[in-house]
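Here is the structure we will look at.
Should a chain be cited, it is by its letter among A, B, C and D, assigned in written order, with residues numbered from 1 in that chain.
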Amino acid sequence: MTRNILLMEGPDSKGLVYHVTKVLYKNDCNIINQDEYVSPAGQFFMRTEFESEKKFDAEIVIADLRKRVPNEDVKFRLNPRKKKDIVILCTKEHHCLSDLLIRYHFEELNANILAVISNYDSLKPFVDKFDIPFHHVSHVGLSREDHELEIMKVVNGYQPEYLVLAKYMRILTPYFVAKFSNKIVNIHHSFLPAFIGANPYKQAFDRGVKIIGATAHFVNNNLDEGPIIAQDVKKVDHRFSSKDMSREGKDVEKMVLTKALKLVFSDRVFIFGNKTIIL
Amino acid sequence: MTRNILLMEGPDSKGLVYHVTKVLYKNDCNIINQDEYVSPAGQFFMRTEFESEKKFDAEIVIADLRKRVPNEDVKFRLNPRKKKDIVILCTKEHHCLSDLLIRYHFEELNANILAVISNYDSLKPFVDKFDIPFHHVSHVGLSREDHELEIMKVVNGYQPEYLVLAKYMRILTPYFVAKFSNKIVNIHHSFLPAFIGANPYKQAFDRGVKIIGATAHFVNNNLDEGPIIAQDVKKVDHRFSSKDMSREGKDVEKMVLTKALKLVFSDRVFIFGNKTIIL
Amino acid sequence: MTRNILLMEGPDSKGLVYHVTKVLYKNDCNIINQDEYVSPAGQFFMRTEFESEKKFDAEIVIADLRKRVPNEDVKFRLNPRKKKDIVILCTKEHHCLSDLLIRYHFEELNANILAVISNYDSLKPFVDKFDIPFHHVSHVGLSREDHELEIMKVVNGYQPEYLVLAKYMRILTPYFVAKFSNKIVNIHHSFLPAFIGANPYKQAFDRGVKIIGATAHFVNNNLDEGPIIAQDVKKVDHRFSSKDMSREGKDVEKMVLTKALKLVFSDRVFIFGNKTIIL
Amino acid sequence: MTRNILLMEGPDSKGLVYHVTKVLYKNDCNIINQDEYVSPAGQFFMRTEFESEKKFDAEIVIADLRKRVPNEDVKFRLNPRKKKDIVILCTKEHHCLSDLLIRYHFEELNANILAVISNYDSLKPFVDKFDIPFHHVSHVGLSREDHELEIMKVVNGYQPEYLVLAKYMRILTPYFVAKFSNKIVNIHHSFLPAFIGANPYKQAFDRGVKIIGATAHFVNNNLDEGPIIAQDVKKVDHRFSSKDMSREGKDVEKMVLTKALKLVFSDRVFIFGNKTIIL
């Protein structure tokens, strides 16, 4: 008995669910979980988990599906669920990085951490403990573009499926972002869209908010404006300095980033326009 | 264009989703939302929302479904979503009752409140404002059984689909409960199974907990042990007396009861053994 | 045995706590709860609850306090805790209003609702149930300034201590706001400062957030920018239309407004610059 | 300018706050934060943070305090805030342990981790990365009492102020517990008092709860019944197997344990009977 996953996305039309379930039925597959969503604009998304007793031939199933759903705008992905290869970018703060390293070390993260890159070297001794390559790519004396080229060289040596910005505190150029379209996950230390930009905890302190938060999102051209994957918050009060908020917010940041990555790495996150659909 | 809902429950077998979607497809229906679950024990649950452009004949669809799924243990319910008729039982506290009355008054509750019954008359003037019949059925001088018979007489006069215990502070006998199997929703003022029984806030205070809660559940033979529909909690600290907990807990109670009822009244709640499946 | 409350606020200096506690001690008072805060800028806030066995003479205590703390910038308020007189402004939505009316009706709100004013008359029949004067002050055909003058006339007839904007959907002019400095509490249907301005749920939907919220705050010159009293949030997902968000957000709005008002009406909220200190 | 902390606890009597603030005032100290609580049973607790410009002599202050508060049942602790020495006990699960090790490594835990003890050796390689002594004290072939004696020998070699049970899955005898009265902090994987004892996630699954939780508490004679320090919860639904609950609950467990330890290590937690007072 094997467990398989089928992801499907495209313009809605009558009978999509029927066609898929028919193909699965004919291939002796039993559906265990099926979650489906049609957006107001008519985009169809479906995630189907199914079991197969007999030998399961993915190619035949995909061909069958295409025969019944000839519209090429409808995309199928069958069994993408394997460990994702990722590279992590960070600066000086450890909390998101260390949470990921620990989960990776104990095989709780559905990913292979191929390397860690930082524009500082302060986290190198820590990363070394986990036998993961650490690359110090300093930005000192380099233009933003030249620094990014250095980073890109290192990244490209690993061919990762995802780049994780685990508190990487530098702004990326549209050029860089375009190279990894829908493949960069960032953690921003506010509940976006509040406090876009630099120093969100300072902004939160100045505004006197009673709640702080964190947002994990894909990065597209405009920093802090990509599709949101996960958000969470924490209550604060007048006794919190912006430094206190920053310290207490770190736990929210790391939990939100990890939660978002778990969803992404288990192929539950569809991107559509500026939003995510999570099935 | 009409919007319809199909609920389905029974022993799992290969092709159930296929058979249903085929019937819907053949009847020119387009699935908008479909959520499906198979329990570890092999029980299948599915909730399907679909649209139909042409005239939709429920009888034909049901007959079609039964032809393709002849196993009578698999139950279909088509378009049960209409306003539910309910009777509310309460004692002296108003907070759950008033939340329901307000929502009913402003047509935000998917139900008709046919009557309110209480073993005290103190809430009568308030209920009267909303032009809903109020029945004072005092327990004074009556055995538990005789009091319940009086209650039952009033209830049966209304033939409600659900009985809502909105802080009805008397224990119901198994006889009474059996008469309304899976039809009584109760709000208990603790996060069950903590603090079963009387005076849960007093118990919570004595134990020194840092969180209090509330639980909405169906009532079966053993009080406080029926299938849980919804739970929520609130943080407390050492400054809370048991009276403070009781006062602050009321907001949690009313929100949890209302949330549970919204789920039940929109036919999203399946009962299976001692648990609920919410699709 | 009487229970009293002393509020104190002003520039910090050495010995403030000592002077107050000495005066209370000499007047045979026993401190039950004392909470104190000094802001980074050196502003001192203290709330002291104390019991007195003998006859308690507030004037003598205040005179004693002033003798020991001659700096007139340090303000004392003794026993302000009585029911506050309030007037509620609303438009068409009932949820915040009805929550306040219910709590008032059952004497759970530390306030007297003197009147309800709305620029529509749709909520009049509901308010009438609670025997509270309802004033319909239509804005139709009036300039913003003239409409506000009409409102002000009604308000001034009641001399309330607080104006509560329970989903009053019109922008107030600086002139109006200045008349009730630090006396207007508003509920905004977003976690400020996200989604300032009109249609925050529409904005939230368009941005694809995973959390919506509400903010209760004092109103000063710039709408949505006054000192925040309370905030709370609720998780949403891609299935929520902006209408769903609006409907589900109402429960958050009413709970946040009520929570903020309870704090304000129990004299726990100090305003300092653009922030609140809550003791 | 030095920052100092005074903790005080004992039977309430009139003037306690006055006496303390007078002594501080006479010693040229300025109070920055003061939080005070009197229990219904008349026990007084106070935590005072103050600054001193001149040389601060703790002995003189303590002697002064005792002179003004001669009742020896009133205890004073001045400036206990230094890093606590702790020993961690665990079994096979890493999540609470690793969270503590990471925070210790980056100097975010107000404690020195002197050693880690486990009845299994599987976590040794991980602990070794952090240069902390790891003691494998197997229980195999030993009576509970003899195993505890072995543990105690190791513990006593370190003289820790606190023992942290970071998912130590063995029951401690009253003898062992008595040796470390009020010094053992445990994390239990349920919101106590729900699901006391073994396999709480299995119990939670069987009961069909919609919320799971974790509780950090001091350990006294009866396991799972000591004073609660912190609790938190997480929503679950019918799709969670008991294994899913266990996996998802780990994040709650580690956050609750860390939160509780931060409170304990910063001397904010008073124990009184079966409860904690947290100032």
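The rule is simple: a residue touches a chain if its C-beta (ideal position, glycine included) is under 8 Å from a C-beta of that chain, and two chains touch if they have at least 3 such contacts.
Nothing here was measured: the structure is a model prediction, and the numbers come from that model.
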Checklist outcome for this item: By label, the chains that touch chain A as well as chain B are C, D
Checklist outcome for this item: Taking shared numbers over all numbers used, above half giving same and below half different, the chain A and chain D interface sides are same
Checklist outcome for this item: The larger set of C-beta contacts, choosing between B-D and B-C, lies at B-D
Checklist outcome for this item: Taking each chain's mean CA coordinate, chain B and chain D are separated, in whole Å, by 41
Checklist entry - When the C-alpha atoms of chain B and chain C are each averaged to a single point, how far apart are the two points in Å? => result 36
Checklist entry - So which bits of chain C are touching at least two other chains? => result 33, 37, 239
Next on the checklist: Looking at the complex, which residues from chain B come into contact with chain A?
Outcome noted: 12, 14-18, 21-22, 24-25, 28-38
Checklist entry - Residues of chain C touching chain A in their complex? => result 37, 39-40, 191-195, 206-211, 213, 227-233, 237-239, 241, 274-278
Next on the checklist: Going by the contact rule set out above, which residues of chain B touch chain C in the complex?
Outcome noted: 33, 94, 98-99, 102, 105-106, 126, 129-130, 239, 251, 255
